[in-house]
Every structure is written in structure tokens, then in C-alpha cells.
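Letters A, B, C, D, E and F mark the chains in the order given here, with residues in each chain numbered from 1 onward.
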Amino acid sequence: MILRDMTWTDVRDLSRSLVVLIPTGSLEQHGPHLPLFTDSILVTAVAEGVERRLPEKVLLTPTLWLGASGHHLAFPGSLSASFEGYVAAVSAVVESLIPHGFHRFYVLNGHGGNTSPNDIAMRALKARHLEATFGHSGYFAFIPEDASARILEGPAKKMRHACEAETSMIQHLRPDLVRLDRRVDDGLTSEPAVQGVVHHFDECTENGVLGYATGSSPEKGKALLDLAFDGVTREIETIHDGYVLR
Amino acid sequence: MILRDMTWTDVRDLSRSLVVLIPTGSLEQHGPHLPLFTDSILVTAVAEGVERRLPEKVLLTPTLWLGASGHHLAFPGSLSASFEGYVAAVSAVVESLIPHGFHRFYVLNGHGGNTSPNDIAMRALKARHLEATFGHSGYFAFIPEDASARILEGPAKKMRHACEAETSMIQHLRPDLVRLDRRVDDGLTSEPAVQGVVHHFDECTENGVLGYATGSSPEKGKALLDLAFDGVTREIETIHDGYVLR
Amino acid sequence: MILRDMTWTDVRDLSRSLVVLIPTGSLEQHGPHLPLFTDSILVTAVAEGVERRLPEKVLLTPTLWLGASGHHLAFPGSLSASFEGYVAAVSAVVESLIPHGFHRFYVLNGHGGNTSPNDIAMRALKARHLEATFGHSGYFAFIPEDASARILEGPAKKMRHACEAETSMIQHLRPDLVRLDRRVDDGLTSEPAVQGVVHHFDECTENGVLGYATGSSPEKGKALLDLAFDGVTREIETIHDGYVLR
Amino acid sequence: MILRDMTWTDVRDLSRSLVVLIPTGSLEQHGPHLPLFTDSILVTAVAEGVERRLPEKVLLTPTLWLGASGHHLAFPGSLSASFEGYVAAVSAVVESLIPHGFHRFYVLNGHGGNTSPNDIAMRALKARHLEATFGHSGYFAFIPEDASARILEGPAKKMRHACEAETSMIQHLRPDLVRLDRRVDDGLTSEPAVQGVVHHFDECTENGVLGYATGSSPEKGKALLDLAFDGVTREIETIHDGYVLR
Amino acid sequence: MILRDMTWTDVRDLSRSLVVLIPTGSLEQHGPHLPLFTDSILVTAVAEGVERRLPEKVLLTPTLWLGASGHHLAFPGSLSASFEGYVAAVSAVVESLIPHGFHRFYVLNGHGGNTSPNDIAMRALKARHLEATFGHSGYFAFIPEDASARILEGPAKKMRHACEAETSMIQHLRPDLVRLDRRVDDGLTSEPAVQGVVHHFDECTENGVLGYATGSSPEKGKALLDLAFDGVTREIETIHDGYVLR
Amino acid sequence: MILRDMTWTDVRDLSRSLVVLIPTGSLEQHGPHLPLFTDSILVTAVAEGVERRLPEKVLLTPTLWLGASGHHLAFPGSLSASFEGYVAAVSAVVESLIPHGFHRFYVLNGHGGNTSPNDIAMRALKARHLEATFGHSGYFAFIPEDASARILEGPAKKMRHACEAETSMIQHLRPDLVRLDRRVDDGLTSEPAVQGVVHHFDECTENGVLGYATGSSPEKGKALLDLAFDGVTREIETIHDGYVLR
């Protein structure tokens, strides 16, 4: 069910066991070749695809497109919520519906920078609403690593940023928005390796890319998105139909 | 210019005298016959229309669709930000762009409940960024009262909620989303008159309507929207081209 | 009833159907001729007048004199609360009384800059206390436009700031505080017209005045205040005695 | 100088070495015999007296009458700010004046419950404005203990609440507001002694009194207030005229 | 009982009449001769000593060592919480235990700068948990003035900062951490006296000391600490065993 | 260098290229057999070990032991900060030192629940202090998966909670605090698998354990800790000595 198109009387009559699916994206730099709305386009597509497969099990909200993108703000056009503001938005969606009996919520995320604030939002909501179910994950976490390693041809086998994978997916969904000739490769690593340092993107890359965008193709994009559709569909269906902890 | 579709390098090359246009809407009950996204649909349409007329003078952001709708929360499906969260979102959009030199911002509002928090957001931003220009208004404030009085046939001559005017405009833009047979009239007044009391919609109306929806037509909707396009275009153009206080 | 002069045992014995009347003012520049406390003096006078007429229907609190006056801060002597602090103060007054059974609250405002935060405060309170009644309005909103147009002789027919109307009212109430010889006229408009831009007063006027102060007289002030007394009295009485929504 | 009665041009012309004097009071229960505004009446009187003695050294603001009175809220009529709201109000007064060059601030307090938030407010302000001078104290802290012990006849020799001292001072200033026949004595102690436990007043006393009100007289009130006038005057004068740390 | 060493099943089986004892310290400059952790070392020692005497009456938490030390931040190495953050920490400890039935809490403080935020924290907690008991005090408040005047030989007879008293106590507890040869005397006063001005330590002293450290000895330290142990033990025992207000 | 034991003059003389190491732990249930302080004990041991190896490269603060443990609060004795309070504490430590020129900070974490708020804290600090370096990681993230898989004998090869690994490490460090006879195994999984749902521990386990504690031994604990020492030492040394992004 698509919340935005319904009337309040339609919502009144819905089953309360629906999983409320809340997509979270961003509007932030994705290199010189991808639109600022890349993450929002991708997560919205996955969420809408899942809703089409599970219309009786999902209540889909519009995408919260203003993400936690402080590490991209040096690139003009990037917009970022504060962490507090971001958490407030996600929480407000949930807590508007809880008094009406909805009790299953899943934040489907399209932007790595939202992962920590989504975690905090869901944990704080859980602490206030102990009987309800809250989940969150990036759609990209449902693409198995071995599968993405088979699909991607560049040296980076995981999704990074404005990379082979993201470029391919946007090429599949919105080819009109990809500036193919501006694609660049950028294979950033630290030498020697450090694992925990927080870097802003302008410290690492001049063009905003982390990865190997030149190898992108719409076919790869479709293959990756199909895996995401499958994984997210399975996750949401499990939450709807029930599972056992033991 | 449409921010969401641009790359960061496109934005880098823009003129800083553009007026950043930020539409604010809601997802809230609009009676049994209009979609929850009514305000967001309408304000987005006006904003996009203005951008089409003034592409070299406007930088249009996506619509902030999560409004301040606490007074509708008794109707299932309505979502509301807290006032703080709402103000944080509007402010974050602005303050992401200010460091890059953009200095003219206009919040175009589609939901009466956002008026006060928009005012507070803009005034607080002005206090922090004295050299920049901040404006806000409902698109409906640009429909002259005498004109709307001519167009509307029901007894209420001003826009209220899920009324003859809003229904007509959605019929014009998204006829697929109007449940014509569910339209109702509701001519609420207080007796004797009070003017300052804050009422939740469930205190006033069982169906969520304030106004005379049964008289709606797509033609009326087009006429009203054309007036809004004209008024908002004039306002934005004046801010862009300059005006004198004396 | 005047809260500040009562003892707690007096309050204990009051009827809970009293309307708690909370005046909100400011301490901010009012041109070179009016005292900083202008708004607070005026709203306090109206509120006290209403209490004298309706002693058995009103419980009057002291005036919250620290307003939301950020747009006047460039003029020395102006004091301003933050919006959050302002809302906190109004809300604290209300929520101190609710546990004791008072359930009707009306904020009578004397400063235009408080209108939005008063709206937000009352709406947030309403959302937390659904059974209670909350209202707010400027006292000036009860002066009918046709009447003020008859009384005022200058070209501006509505109340602006440190103008013919405000100067006249202070002359009536506190002639000792008006520096008659410093009155100035200032007929600011924007050319071409813009309607939604937020301006600080130092952007518009060197002396802090918006309006035609030189035409002021105590007689005009009395006439305006009498209209305000009448209008506010009627509003409060209606809330106390009851009204029907239909 | 009395800020509320001045115009902004008057303030513009003031010396910046003035000590801004900010009285803080409360509106809270003071037994069955004293008005809710007791603390505000007393601190305002002291502050006004000091201003009269040192008009060229003091800039007096209106009294912030909404105190931190959570421990009295069980008694109807008591109003309390939150701690955050209280600190915000005091800080807003200061930070409205700092940009205009005022740099000496003294909070004169009339309510024991405000002492800790005044301390926090002043310390946080000091950390933000290292070059400015901030002070705060209760006016009662300037009444020497041996002197009050000589003046008071009841067994409690220090000021408590709605006690011999406070009743006497209100009798001196506002005899019309004291219900003499309702005065009571209440000599509360804990047995055995504890010193650090936070008690609400309704845990300790049924009538709201801590102390020996029946012995009050206007003469004692005048004697106490004169001591306060002297002490506060000396403190403010020292801050104005300068002192050396060594 | 020592909370940190227990398992949750141990805590489950505890009596709920235990007084939860929460030590609060600081990590801030204490002159050139004492460790930054001085306050935390001292308050922890007192709290542990009290727990050893009253193991069946006390549940001791670890020391909250991050204090409100903004007035020491000019000295490198000093760490300070914001007031809000400090209050949040103390409150979180309490409100984690209240749902499990613990209802007596005592904050034992080792740093003067924490006194006001401890007061605010305890009062706010009391307002939210009316049936529970909250207390707070500095351990130093339990050293009678006449006794400390007998023990200390320098001209300052009360505990100040990095002074004869504090140096002596650290010498007794952790002689390895005292740089005896760096001890200095500093007998700061203001001339003429002011009592309410907030000073940062770098305004008063170059070395961070207020007092007469050179006279310190471990014997004096032991004598002072024994008095603190006795006083705090008596206070906690009274709260545990009960007392009467009358 | 151990901050707590130093004087401010010692800190004044330190090199500013030191990495400030801030351990974060928890006080929360760890099954019926491990102390509430388990995470704090472990992370403190690792941090102290690293400081001993790199005394000239590390400035070690005391452990922030109050973690984000809301998901354990159903088990008595667990304490939890709010997310805001937790972030405030970490940030306060950093921002006390930045004005003195320290510019490298690393939060070493001992509790999985702190990961998201550590991420948010470090990212917000980075946005405020663009020139400084901020890192964070769990010490456990430095134990290679293949190595822990070799060391652990139970079916779970990764660290979970109060499990074979944690029990072993506490046995190595503080054998006196392990109740060996209360160890239990708990091999929780969900059936079918879900990956993003937030569960409180009382929803999953009656005893608070996730993992196979019965196989624990001090030897395994030492082996795991040695790997953590090595990994964290390498990370901190790299940050201190410098690395290149390319």
C-alpha cells in the first residue's frame, strides 16, 4: 500500500500487521557524473519494488530524502540534516502511526551515512515502545558479497560511493541522469591501513568518487537491484509472517 | 534549476544570485476523498511551475513533505513532525547551501500548519545570517481574495481544508487520486464566534473536511493554480531582480 | 482575579472554569519617542481592563515581558528571548496550573513577533492536553479594521510599530513616557511589492519607526484601547460561557 | 537607569561601564497569608532601591518573575519554569546586551530555588564571554547573620520561607497583601538531622510555611530590607568602581 | 555493595531499601603539584570507605569523574562536561535503577563546581519521581568548620582548591601522586570584597592554586578524611534507617 | 601518558601530536556469571596495555564507563546513558582539549551498543573541527575473524555477549569476578533469519547471555586480548606516525 496516495479512511481500514516501510536517502554529491539524488532514487526504487511484490504486507511511506551527509558538505549542492534533526524526522513518522495501532516499522536505507542515526532512532523508539517491532538496514546489505563480486568488474568488489555499482544502478533506472563521459575511477586506500578514522570526502577525493565508475553498465545495475529486491522482500516478508528467536 | 537532478559540479557553476526555492508540504488527512499527500502535491506543482517559468532565477529543492500536522493526528495515516524537527529540516537545507555562497532562500508552503514554524525558522536563520535574504509564504496567499471569491461557488470563499478549492486543484492535477463520490460539505463555524482558539480537527469534524468539497471541478482548480503560479512567480522574480525599501 | 496578589489557599478555592489569561509583551525598541516597554505596557493594560470587567471569569497572570524580538536587536536596549526559551516560558505557566485542574488558557499578545511562537506553544500544549482549551491572539486583532481606519488619520490604517496607533495608546496610558518632540513619520514600503521577506528593523528604518507617529493623540489612543477591551472581553467571555462548533 | 522606561536612543547613549542589574523572583506559594508574588515583590523593591541610590552605576531590567519553583508546585497557584527555560531567560537578557558593549551583569535573586540555575547561567555565560563580568547573589545573602539574629525574635534566625522575615518585609512594603490572621508558625526540623535531602514543600508542611510568621512586624521588615539595600549597594558599587584580586 | 563487581542476578536479589551512592568528581587542574584526578580520587575514597562501613545499606556506583569544570579549562589537561551533559549523566544512573524499585539515591560530590548541577539534577529527578528520596552533598560539607580550623595551620580554614586540605588528603591516599616540591601558597582575596562574582581560575591565579598547600601533611589528610567518613556515614545511615520531618 | 595522574603543568609540556585515547565501556548485565563492569574492564585493559607500549604516542583518558545500554535495562543493575548524554560526554572530553592544541583523538570502544553513538559523536566533532583527526573502533574489531575462529571452540566464532570470548578475557584479567559455576550457553538464532530487527536482550534470552560461555578459559582470554593489543597498537601508531590517502 502506498501511503501518500491513500485517504485517511483507507488507512483506517488497513490491517495493523502491515510492515510500515520507511525509505531514507540523501541529496548529496555523487561525483561529477551522478545526480545529487542518487541515494534517494535507488532506495525509493527498491522500496517501491518491494511494495509491488508485497502490497498486502507493506505500507510504504514517501522517502525521507534529507540525509545525514555532513561528510559531503564541502561539495556544493549537498544538503545535510543534523543528526538530531534526522533522528527526529524518522521518529516522527513512526510515532504518528503508533497511536493508531501500527506496530511494525522498517527503515530501508539508501545512504551509508544514515546507518548510525537510523540505529539510534530505532533503538530509542524500541525503548519507548517495547511491544513494537523496529528494523533497519541498507538495501545494499542485502546484496550478497559473493554475488556483487561476480557482477562488478572493477577492483573494488563492494559498494562504495558514486562507484561502479551505484553508477550502474542509476544507469538502469534513470539513464537520462547519468553523465557517462564524466565518469572517473578513484581507487582510494590508506597506506598504511587505518580502519577507524572519520574522513570527509574532500580529504580523500577531488571529484567525490570512491570506486571504479568507468566500468558501469545498466545490465550490472539491474542485476544488483534484483538482488536487493529479493533480499529486502525476504526480510520484510519474514517480519510480517513471523519468526522465532531461539 | 532542479537541484535533485544536478551533479555537484553543475551546482558549483551556478550563479549565487539564484533564489533557492524550498517547498514545504504535509502528509495528513484531507477528508475521505483526497489523498494524504494533497498539500505536498499542490505545493510541488506550484514550485515546479515557477521553476519552469524562471529556470535561470530559481534553484528548486525537493519538497519537505513531512509537515507540522499535530492537529490532524487523530485521523489515521496523518504524519507530523515535531515543531523542533520541522524547523531543523528547513534550516538544514538552508545552512548546507550558505557556506557555498547561496544567499537567497524562499520557503513556499502548501500547508497552513507550517506557517508559524516556517516563520520561526526563517527569522532564526535571518538572525544567524544577517546578510542573506529569507522569505516564506503559502502559495495560497498569492491567490487574491476577490479572485478566489469569483471562482469558488460554495459559501466559503477562502481556502480551508479538503474544501472546494483544494479538491478542485487536485482534480486538475491528479484526477486519479480524487474519490469524487466521497466528497462532503462541512460548513463549520463557532457560535458565538471565537477567533483565537486552537482546535484539533477531530474536535470540529468527523470526516476531516472544512469546506464545500462537492462543488469542486478541475476547471476551478486550474484557475486557482494559475493565479498561484502568477503570484509566486512575481514574488520570486522581484526577490531575484531586486526591490527597494523606502 | 489577579494571580500575583492571591495566596495559594485563595487559588485552591477558585472555580476551575476560569479562563487563565496570560499577557505576553516585549522589551524592545519603539523608536526614539516610545519606551522599550511599550508592548508590555499596552497588553498589560488591556489584560487588566478585561480582568476588571470579568473578575469572576478570568485569572490573570503577570505579563511575560521578555518577547521574541530578534528582529530589533540591532537597536540597543532591545531584549529578546530565543524562540525555544519563549515557548518554554509560556508553556511553563500553563503546565504549572493544569495539574490543579485549570483547563482554559488564553495568551493575550502585545507584540507581533510573538505571534508565531505563541501559535506553536499553544498547539504543542493542545497536543499534550487534548481535553483543555487553548487560545491566543494579539489584542490588536480585536480592533476592527474599519474602526481603526476611522480613528487613525495618517496614511497607514493598520497598526505597525511605534506608529500613530501605538504612540496614541501610550500617550493615553503613560503620557510621562512619550517624548513627543522625537516622534517621526516613516512610511516604508517595498518597491516593487514583496510579501514574504523577513526583514530586520535596521534594514528598513534608521529610527526604528514604521508608521506615522506625528499624528498621535491620547484621544485616539483611548478610542483604540476601548475597542480592544471590548473585543478581548467578548472573546474571553465566549470561551468562559461556552460556544458550539457546527 | 530604568531600562523599561527608556528609549533605544537613550540606551545608545549610556556608559557601557554600568552594571546591568537583573532581578529574579518567583510566583509561588508563600503560605496562607502571603501573596504568590512575595519573592518578586521583595527582590524588585531591593533592586529599585539600589538603582535609586546608584542611578549612574546601574541599568535595571524588569524582574524575571517566573522562577524555578518545582518544589512548590503541589500548592495551587505556584508557577515554575523548567531549569532550562529559566536559564534561557536569564541568558537571553544578558546576550541581547553584550553585542552593544555592556559587559557587567549582576543577577539579584529573591528566591532560594533560583540560586543553582543562576549559578549555572552565569558560569555558562562567563565561559562564552570571557572578558565580561558576571555576578549573582540572593539579596538575603547580604543581610548579616548576626544582624538578622538580632532583628528576628522567633527561634529561626535565618530566612526560611513565608517566615517571620519574609512576612515582615511584605508587611513593610505591601501591608495590603498580608492576611495577618492567617499567619502560622512552623518550626520544621528533621529528626535525626539530614542535610542533603531534597524535599518538596508538601512533604514538610501542610500550609506552605517554614518558620515563625506570627512574630512578624513592618518594623522588622524595614530593618531587614535596609540591611539588604546597604549590602547590595556596596556589592554593585564595588563591581562598578573596580576591585583587585590578589 | 559494589555495583560494578556484581552480576545482574546479584542486583536482582538486593533489598530495595539500599541507598544508591553515586560519587561525582572531576578531572581538572589542581595546581602544579596535584594530579588532575584529585577530586575523583578523594570522593571515591570517601564513598568506598562509607560502603565498607555500611555494606548492607549502600549500593555504590562507579565515580562519575567527568565534572562541570568550565572555570578550569584555561589550564591544559582539565576536562569539563557541559552542564546539560553532566546533569544527563547523573540522571541516567538514577533513572536506570528506578524501574527496578530502587528509590533512595545520594550523590556524594567531590568538586565544588558540581554542586549547582547536582542540585538541579536531584530537584528535576524529585519532580519526576515524587515518591523517591534524593540527596546530594559535597563530602567536604561533612567536615565541621571548627574541626578543620583546628587541623589546618595555614591562614585559610576552609577547603579551597589544591590547598593545604586537598594536598594533605592526597598525600594520605596517594603520596606517589603529589609533587611535594611544587607546592605553592596562594592567599587570594578581592579588595574590596565582592561576594557574587564568577571568576575563572586563570583570572585569579597563575598556578591554579587557591590556598596554602605548603603546610600539607598526610596526617592532616587522614584527620580530615576521617571526619568526612564519619559525617557521610551518619548521613547515609540516617537516610537508610529513616528520619522524621516535624 | 596517563592523563589522570598528571598535573596541568605536565600536560602543558606534552607534544600535541599525541593521540588522545578515550576508552568507552558500559555497566550492564553480562549474564549471571560476569560482572556488570565487564566491557569497561576489558576496554580499560586494552587501552592501558596500548599506552604502556606507546607511552610517547598516547595520552590516555579515564574510561567513560556509562554506555548506551538501553537494550539491557530490563536486567537490574544495568545503567544506560541516553544517546544524547553519551554523545555529550565523549564530545566534552575532546572539546576540552582542542583549545590547547591536541588534534588527534581516538575512541576505543568496549561495548557494541556504543558504536553508533561513537560514530555520530566523531562525525559531528569532525564537522566542527575540520583540521583535526578523529577515529573510533571497538577493540574487538581488531581481533581478526580467522584468529578468533581458531581460538574459540564453541559454535559461535564471533564475539557476542557474555560469551566464550568475553568470559575468557575476564577470566584472564579478573578471575575473582567470574562465577564459573553460573556460566550458561545460549545459541540464539532467528528462524527464519532476519538481519535488521532491533531486539532488547530480554526478548532473546532469560539469562542475558548470547553465546557459549561454558567453554571459556583464561588462556583463550589472553590469546584474544593479545590480538586486540596488537591491532589497536598498530592503528594508533599509524595515526601517530602518519599515513597517506591515495
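Throughout what follows, a residue touches a chain if its C-beta (ideal position, glycine included) is under 8 Å from a C-beta of that chain, and two chains touch if they have at least 3 such contacts.
Please read all numbers here as calculations on a predicted model, not as lab measurements.
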State which chains count as neighbours of chain E and simultaneously of chain F. none
To test your reading of the model: what rotation angle superimposes chain B on chain E by C-alpha positions, in degrees to the nearest 5? 180
Selected pair, out of A-B, B-C or E-F, that shares over half of its residue contact pairs with D-E: B-C
For chain A and chain E, let me know how many angstrom lie between their CA-based centres, rounded off. 48
Could you state the distance in Å from the CA-based centre of chain C to that of chain F? 56
Measuring centre to centre with CA averages, how many angstrom lie between chain C and chain D? 28
Can you list the chain B residues in contact with two or more other chains? 73, 84
Chain A to chain B touching residues, read off their complex: 3-12, 27, 29-37, 40, 61-62, 64-66, 73, 75-82, 84-85, 88-89, 91-93, 96-97, 99-100, 177, 179, 182, 208
Interfacial residue positions of chain A with respect to chain F in the complex: 68, 70-71, 73, 83-84, 106, 113, 115-117, 119-120, 122-124, 126-127, 130, 133-137, 141-142, 188-200, 203-204, 235, 238-239, 243-246
